[in-house]
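Presented below is the structure to which this report refers.
Chains here go by letter, A, B and C, matching the order in which they are written, and residues are numbered from 1 within each.
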Amino acid sequence: MTPTIFLQQLINGISLGSLYGLVAIGYTMVYGILRLINFAHGDLLMFAAYTAIYCVTLFALPWYVSFPAAILMTGLMGILLDRAAYKPLRDAPRISLLISAIGASFLLENVALVVLGGVPKAFPRPPLFDQVISLWGLRIQVLTIYTPVITLSLLMGLLFIIYRTKAGKAMRAASKDFETTRLMGINLDRIIAVTFLLGSSLAAAGGIMWAMKYPQVNPFMGVFPGLKAFIAAVLGGIGNIVGAVIGGFLLGLGEILIVALLPQLAQYRDAFAFVILILVLLFRPTGIMGEPLTDKA
Amino acid sequence: MVGGGRMDRVRRNSLLNLMALLLLAGILHLFGRYGTDYQIRILNNMAIFITLSVSYNLINGVCGILHLGPNAFIAIGAYTSAILTMSPMEKQMNYIIEPLMWPFSVLNAPFLIALLAGGVLATFFAFLVSFPVFRVRGDYLAIVTLGFGEVIRVLCNAFQGITNGPLGLKGLAPHTNLWWSWGVAAVTVVVISKLVNSSYGRAMKALREDETAARAMGIDPFKHLLTAFLISAFFSGIAGGLLAHLITTISPTLFTFFLTFNLLIMIVVGGLGSTTGAVIGAALFAWGGEALRIVEQPVQFAGLKIPGIPGMRMVVFSLILMIVIIFARHGIMGRHEFNWDWFFRGGNRAISSR
Amino acid sequence: MRFGGLAAVNDFSITLHPGELVGLIGPNGAGKTTVFNMITGAILATAGRIIWQGENITHLPLHAITARGIARTFQNIRLFSDLTALDNVMVSFHHKLRAHLWDAMLGLPAYRREEHRMREESLEILQEIGLAHLALEKAGALPYGRQRRLEIARALATRPKLLLLDEPAAGMNPQETMELVELLRDLRDKYSLTILLIEHDMKFVMRLCERIKVLDYGNSIAEGTPREIQSNPDVIKAYLGSQRHA
């Protein structure tokens, strides 16, 4: 492999990884507070992508209005998801909560299938992101460069909210000790709502960038990015936001590079993430940024 | 509390069980003779679903562990038995892109052996994955098992020399009939009920209720979870073989997470932890699933042609799952089991442990 | 049995003699439950050793330690709430089951005999502990005091030589507490048990235990007969100090 191709793949890997990271943040935040894998999180990518499409095509809104609108709608959708599927089960056994999450995921996908049809829709990529720059013999889509930049800026913004605002402080308290926080008179439902709003909005940003990268939008487009983002969150150490992004980068890079270096493994690409997951759980179950993974007793 | 009539009751119950089995055989015989193809297909589906849901419930309901990869065991059972029952000729016709690897190309076995081999291989695979799986619990275990399910699907697609890849296997002999499917279902229900009601089953339930306390009472969690996992895999593998020889065409798309989702609906609706519930859930699913096909088919109504809506069935299924889990978490049976004492006392509380 | 030098528990060593009834007391957070967790293997001790009948059991898993004859109850009751009281007790016999899995799955006589025996013995224990009439009730539906007793019955059914009781009298009224004193003495004599218990109810401890060990901030600060402990200045200081916190 020439250095140029290697560099090209490295950039692709970083770009893909930053998308995983962005989606992983939502998993890690919800897990941090509710100790729940929000199975339907990946489907929010799909929801965001469709919402963006309809804002652009149906309401003829420019992309710089449509995309934020779609992100906001997805954030609200996240809150709705919690209220409908998880909130009634706060005191139920964990297995019920998880089953509800799986049900919610299938429901979202199949409602989309019924309402919007199974034929993939083309995503209207704004020309701005279409440009290709040539650099040292590399041809790179600007989107590939924007993606990690946007991810890192959103991460900075999120960290600011979490460490500098009152809501953020309450969120951190809740993820450390749910019961005590409840006793201290903090409105946990609001904190959970904020968590879902933030996590889902980031997933929406990820979904829109995903749809620009692979401009085929269909009801099941969120399943694999969702699963892989979750694995990224475990890799980075679940509950840890920076860890989720680092895990995302590592997973994206790993996926791209392993296929680049060993093309005969290309057909196993989708299994790679699970192999990583199993290795992490076997050898370092706390992930890279290592907080303990055990259930709170 | 163990009254003098205990032996009489045991004898009466065995007699009743035997009669119930004979009645089932009679019904199967009548359907086999006079039933339509459609009815027979539903009955076959029902039996295979019962086998699958009862063995799935052993893990999820009895041990209380959310295992999301039974589709992997079903796939292994289906492929193994299919490869064993196909004649060398059929194999040549199926494997057009890449020939079937030796020694699979020459192996051939009767249906019963093929089914058992599928079960054994599924069990072996379960044994291999059990070490990473049971190092974790809760949501992590769910994701790891989901991962194994996906990995098997990817492997089915990739190992063309064994599975024929995405093309799948076509034209399998339709060995599965009512006797096979219901025979396996009956054996599964009897064996797993015996297990669940035994001291081993009690240990599994204790692990479900409180793993630390169970360990403190001397229960080895790995040993018991592994036992349940292997038994479940064995019967799932056999059911996979039955499924393959019922629909006669298999491909990797048949064994996705979607299949697991359907099993989850059956055991949740029936009541997580109840074998009786798993049987009821499976029967309802087999019947209701067919009935619901209407919503996906085009309908002629008063001169209007309403097109079928793909996905509608799944919307209904996921809604049912969520409504049951949120509003009626215990499903139809809760954790109760059917037994004759209960039947005769008209619903009075019966002694649940024998 | 003895061990020493532990993590949340710094410097602690105790030697139990067969048939003794020993109390472990100390202010909240002194590390008493940690001591139990380490003896039973629920927490692995980072340093120090636990010797049981001449064998080093420091790094054995929980269930293996139970199999060697050490059983415990839990401070925050941890019954199998969805199982009946009888089933709760029967679970404890499982680790001694000889019949194989297939004997059980096929309902063979070898298994059925054992199941019958386990059931009889469980009922006997329930009888002894005064819960026989509730054998078929779900454990989670029993009143609090009964649940505490059922915990003892369940631990007893593992056939231990050493019984660890974590606050067995918590939440009981004075009369129930006094009944418990009698019950524990009887059980000790009947099954020749060694009992080590944690309890905050001083009257209960002073009345029941023959020897008392006091733990504070992970260090043992005193040991002796109830009379000695009551007059020990270090113990009084530790308790007064902690009362100020509370």
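The criterion applied here is as follows: a residue touches a chain if its C-beta (ideal position, glycine included) is under 8 Å from a C-beta of that chain, and two chains touch if they have at least 3 such contacts.
Keep in mind the model is a prediction, meaning the values are calculated, not measured.
Visitor: Whose C-alpha centre lies nearest the centre of all protein C-alpha atoms?
Guide: Chain B is the most central one.
Visitor: Taking each chain's centre as the mean of its C-alpha atoms, which one ends up farthest from the centre of chain A?
Guide: Most remote chain from chain A, centroid-wise, comes out as C.
Visitor: Distance-wise, how many Å sit between the C-alpha centres of chain B and chain C, to the nearest whole number?
Guide: Each chain reduced to its C-alpha mean, chain B and chain C end up 42 Å apart.
Visitor: Approximately how many whole Å separate the CA-defined centres of chain A and chain B?
Guide: Taking the mean C-alpha position of each chain, the two centres sit 33 Å apart.
Visitor: Any idea how many Å lie between the Cα centroids of chain A and chain C?
Guide: 47
Visitor: Mind pulling up the chain A residues that touch chain B in the complex?
Guide: That would be residues 31, 35-37, 85, 88-89, 92-96, 98-100, 102-104, 106-107, 109-111, 113-114, 118, 219, 227, 230-231, 234, 267-268, 270-271, 273-275, 277-278, 281-282, 285, 293, 295 of chain A.
Visitor: Under the definition above, what is the set of chain B residues touching chain C in their complex?
Guide: Interface residues on the chain B side: 1, 191, 194-195, 198-200, 202-203, 205-206, 209-210, 212-221, 227, 335, 349, 351-354.
Visitor: For chain B, which residues count as touching chain A in their complex?
Guide: 60, 64, 66, 68, 132, 135-140, 142-144, 146-148, 150-151, 154-155, 157-158, 261, 264, 268, 272, 309-312, 314-315, 317-319, 321-322, 325-327, 329
Visitor: With touch defined as at the start, can you tell me which chain C residues reach chain B in the complex?
Guide: Within the complex, chain C contacts chain B at residues 40, 42, 61-63, 66-67, 71-72, 74, 78-84, 86-88, 90-97, 99, 101, 104-107, 111, 114-115, 118-119, 135-136, 154-155, 157-158.
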